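Each structure below is given as structure tokens.
Next come two complexes built around chain A: one with chain B, the other with chain C.
Coming up: the complex of A and B.
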């Protein structure tokens, strides 16, 4: 945790109310996000129990599984989820714009500019917390390898038609969520804790109700009081007034209400199957379960939308559109893979794919850190406090030139500052010019007048620096020790050229099932 | 970087098995496996100061002399420059290429003065030279038509698996040398950003050696058995605490290395801890228990005072390198910290005491370096929690194994309780080799030992 975050948390504790960590919103928030609040069955990994889903905060669609261990009901749930999610995901696929982008020509190996189709906007999924993001990934994995009756008529449990497709989209969303700064799939608690610091621990911040209580406590109450109520308050039956945001449910709810309701449903169903009568009782049992699950889901649904309201009140950061454009590329790319009939994402990445993904995430993290600081003076203040940037007034500018055959301007700029950057002689620093370009310089020395840097670029090609590229005494400048547009990692070999150190090229063909060992027999 | 002694600088007192003989035998076996070319890879584990660089230089020379041009992969530019200088020193006629980046000041200007060293940003311009040395990052951007027959990968345990993936196509066979006890490679996206590959043999975030051995389990693995850097007082502790299953020993015996002062101690805690360190090789200056920010002003001041007094008291060291006591200069002292801001605070405090020339850096940057005396700000000092970062085995190992004579640790009281309150809670993942010892265990072992050399101080 950075020093400025620690200070903000201390202030929040003292004030009894969350403190801002940002002055702008650092993530894209769609005008019409799809909110998904999933619930899972306790003790049964990957068995969904219910969900609220939709784009209209007043009209969520309730999906439930009255008996989560019943595969047929589970498939019915997933088919209904596909019906609720896929139209939203697909409606962005056909509205496109033409963009130019650089591609490597496979024949010549040269970088050429090509016109490519880019979706004008992309879908955005909002879930309550990181556990729900993980659950989206899990649902995606459980569905994407399913075969429909059309694909494999001999299968015992054919999946409903659109379920494997939903699995592939959810996998894509889940994978994308690992990329720092991406916004295709966002968790509300992470979004809120990026923008506000509370006086409680990070672990406690994962409780959406408590987090909202700190950020926006109800009239006449303080953050800690309201958060405590959100976490602990129970009604006369011992049920939480603010049920957990899921996907896990409150054990008291499971034991006292859900388990008996499911038992009644099972009874009613057995009766229908055996006697052919009692449909009304079965419908009543189903309705009870729906009502119960809605009571657990609805508070979280409303909390997510409250979070959206709070975040919408912040103006969007300047670089957010740039990062959202990368998300649109990602969405367009997956759309194209689906249209080209490519197989679902593999169970495990091969060595090269894993390394490429990690490199992409590290580059995205560095880019995000730089962009957030440049977009937001409060974030920059944190970097300055950490010694990674310094800001101040230009005290002196001395013109100097390089010693090359054709001398280039290398002016020395001295900045008066109270910041204490961790600088060594020759360290490179960067600042943003008025036209948005980044100007490099190197640190020369610290003197009584301030810190002196030598500008090393961004001044045009002439003997005299271009207008506006050298600051004048009295100007406010902010230099960062980090690059503004970090480069990506090196090129990696193609998977079919994986070297011997990494096991050679991945084997083709279908994956073998796990071998049976003596320990498998109980 | 300080030059380390060649293997077996002198003949120490004879013991059950002569350390020089043991080290020489290990080196012979390594060179035999490397030169005969039956294996695609050879792995050498080297404890701190066991002559790893010497081995790399020697292997490079022997391969070159055998008419087998090779590429050398190191991790930082400083390591590359150091290797080139040592190669030039050992064999002034050997043509060496230094492949470098196009950044300003990409390599040590000292290389300019060497006739046999060719520097270039393009591998093609260095073709035909016996040895070409560069960083893993630069090699990763290099394309060659024909791969090298042989490579040496230095500091292979600090190289990440994905970095090896990017360069492994450049060579057919390789000698991998490194210290498994130092800091593991890390990722800026943290454990969460890499969790999905945990347990895969080619997890891009693990060390290059882990991946290499997972895919090539039959490769010969060697170990250098003798630390020439660590004194007898430290080798045992470092070996027990950080290398419990691959013990090593020091090349020198108790009494071979001495530290003395020209000025008697003045009774202060700082002087007493220096005396303790001179006598036993270890000193713990313990400050009162308190939760403090990272740049704890009192602890930083204590570190600076220890260094100041060490210089003021006319410290001299005697070792197997020279028969007479040699004055301890600032250049032979290092201060190690966990964080960069702590290092900056110590630098400022030292400047305030008029001390210049002392190396102050984080554990990451002290890796591979050697000094006579080190002063360490304990990573857990004054902390309310023991995170995985601060508990990391490699961090403490680096800090506790840079010295030839003595190590003074400055720490606030209460770390023992902190350890008790923070047992390791890292998730255990299927398929991931569990590292022994874990950071908790290693910290506990070191702390237990340091407590025997404790001097309490109230500022």
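Coming up: the complex of A and C.
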């Protein structure tokens, strides 16, 4: 954590409410995101308990599993979840625009421009916290290897149709969430704590209710008071007034309310199976469980939307659209893989895929760091403090030229600054020009008047620099030591050209579905 | 210090002949707990948490004395938010029973399959499962030690189901109960941890697997104490293997799957941290006379007693200590920067309170703060932050550096 962030936390403590960490919003926020608040059963991996899902904040769809250990009921839940999520995910698949992109021709190895289809927009999933992001991945993993009755008529426990497809989409969303700066699947606590510093530790910021209490305390209360209430306040029965954002439930809720309700449901169902009567009691037991789960889910649902409101109030950062476009490419790519009938994502990445993913994440992280700093003076302040940038007023500009046969303009610009960048002679620095291009320069020397750099490009082709490409004395400039559009390392070879020592062919066959245990109960 | 703190059920504190020396401490600790309050045994989870924060004298004393910290926290008005769902407990028990079904053969087979071939020994056909029942913890630890000795001499596979081990921590003994210990035909021992979180595609949740490894490391240390007393030369690589077997449900099923956990690092860390713990009697001796942690005392008296022992609060405590909310409230009230996290604390150099840090940032320090690099950096950060916020105040979307 940088010192500037620590300082913001100290300020928040003094102010009694959160302080900004950003002046713009650094992530794309869709006009109509799909909010998903999942709950899981304690101790059972991948046994969902319930969920609220939907795009309309006033009309969430409640899905519940009255007996989470029953496979048939779990499948019914997943089928319903597919019904709620897939139409939203698929509605963006058919509205496309044509984009030009560079591709390497496999025959000639030349870079050529080809026209490609890009979805005009993409779906966005919002969940309460990082644990829910992991849960989306887990749900995806639990579903994508299932076989439906159509795919495998001999299966003992065929999955409902569309469930494996939902698994593949959720896996894609979960994978994408690992890429820095991506916005296909976002966690509300991470979004909020990116933009505000509270007067509590990073660990405590994971509590959505407490985080919101710091950012936007209710009337007549302060951040710390409201956060404490959100964290700890319990009613007379010892139940939390603000249930945890999940996917894990409050143990007191499990033991005091949910377990008896599930026991009543089991009893009613046994009665129905044995006597054929008592359907009303079974329905009543089911309704009780639904009401109970809704009481745990609804506060989190409302909290996520409150977070959305707070984030929408911030203006969007200038580079957010660029990163969202990459998310659209990712969505389009997965759509194409599904349409081409490719098998589900493997259980484990092979070496080539893993290397590619890591390289992509590193590049994305570097790009995100650079873009956030350029979009937001507050982020840039952190980079300046770290000695990775410097800003100040131009004190002097001396025209100079290179010693080539055709002399090029190489003006020397001296910047008066209090910053202390970690510069060596000849180090490359960059700044943004008025038209958005990046101008390179190299550091010459530090003198009494300030830091002197020599502009080395971005001034046009003529002997005289283009208008507006050389700063004038009195201008404010900001030079960064990092590149503005960092590229990754050299491109990796195609999988078929990767030697076996590096995990190239031969590739494995298609993945087998998960074995199904004969027991009905987990 | 071999006098056990925890007595067999039924024996009341102070029922032993009171003498000077070794028995003085148990009596003092019993007083701290309060009359008729049975001591809470130190388990591996508590020891692992203690080892993670060895500077906390408060935790060392309360755990060492067997004080019920949850009850104490309730009495102090800052109850812990811990609890376990009965679903998780039922699932954990069902899975453990399943993993140990058929007399442990399946468990030993999993271990045999997980070991590299040259190290695995002969495949298990029959597994000895010695009876470990005895009266009281001392009886059970003695029985466990005897069973380990016999099984080691027998040179066959043996599974000890819920053995009881003793480990002396900060001058007081703690009794530990691993899920199982396997004795190999070559006479070495492996700790088995059975957990109910899933091993999905061969990978478990890193945080949970890490917690399991720290717990298992405590068991390894306790087993090593038993191994030292064994006659005869130990095997070349030591009697207790530094790899534990983690048994978890496979993927989304209830079938057991297993993986070896390397414990060398956790074992070394835990051993060093536990060795560093201040001895409980020293901390107890520093308490004012008459101080007690009995939950029926008035809250003000309890608060004073708790405050008499230093705590080292960090946000990580919230996940590991019942008293964390109390310590957090005190740290906040005192304006201690540590409650914002260790990384915040480490960036602030010698500034330990919020007031100091904010005063330094504002530059209204009367003393010459600029000489202190932490103060200078903080002032610079404050100036940069104020400048950036002022630049953004007109809010024109695009940032100031574009």
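Following the convention adopted for this analysis, the second predicted complex is superposed on the first by the 498 of 522 C-alpha atoms of A that agree within 3 Å, B and C clash if a C-alpha of one lies under 4 Å from a C-alpha of the other, contacts with A are read in each partner's own complex, and residues count from 1 in each chain.
Criterion: a contact is a pair of C-beta atoms (placed from the backbone, for glycine too) under 8 Å apart; a residue touches a chain by one contact, two chains touch by 3 or more.
These numbers come from a predicted model, not from an experiment.
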item	value
Touched partner set for A:499, first chain B, second chain C, both or neither	first
Touched partner set for A:3, first chain B, second chain C, both or neither	both
Partner chain(s) touched by A:365 [first = chain B, second = chain C, both, neither]	first
Greater residue coverage of chain A in the superposed arrangement, chain B or chain C	C
First (chain B), second (chain C), both or neither touched by A:348	both
Which superposed partner A:110 touches (first chain B, second chain C, both, neither)	neither
Chain B versus chain C as contact partner of A:318, first or second or both or neither	second
Chain B versus chain C as contact partner of A:202, first or second or both or neither	second
Touching both chain B and chain C, residues of chain A	3, 348
In the complex with chain A, residue positions of chain B that touch it	40-41, 104-105, 137, 140-141, 161-162, 164-166, 168-169, 187-189, 192-194, 196-197, 200-205, 208, 211-212, 214-216, 293, 340-341, 344
Residue ranges of chain A touching chain B (in the complex, touch as defined)	3, 178, 180, 348-352, 354-355, 358-359, 361-362, 365-366, 386-387, 420, 422, 426, 442, 456, 489-493, 497-504
Of all residues in chain C, those that touch chain A in their complex	79, 81, 83-92, 196-198, 200-202, 249, 251-255, 315-316, 318-319, 325, 332, 337, 339-341, 343-344, 347-348, 354, 357-358, 361, 377-378, 380-385, 387-389, 391-392, 395, 397-402
Complex interface listing, chain A residues touching chain C	1-4, 6-11, 13-14, 20, 23-24, 41-46, 68, 138, 141-142, 199-204, 224, 231-232, 249-252, 254-255, 259, 315-318, 347-348, 373-378, 380-382, 384-385, 391, 418, 432, 436, 478, 514-515, 517, 519, 522
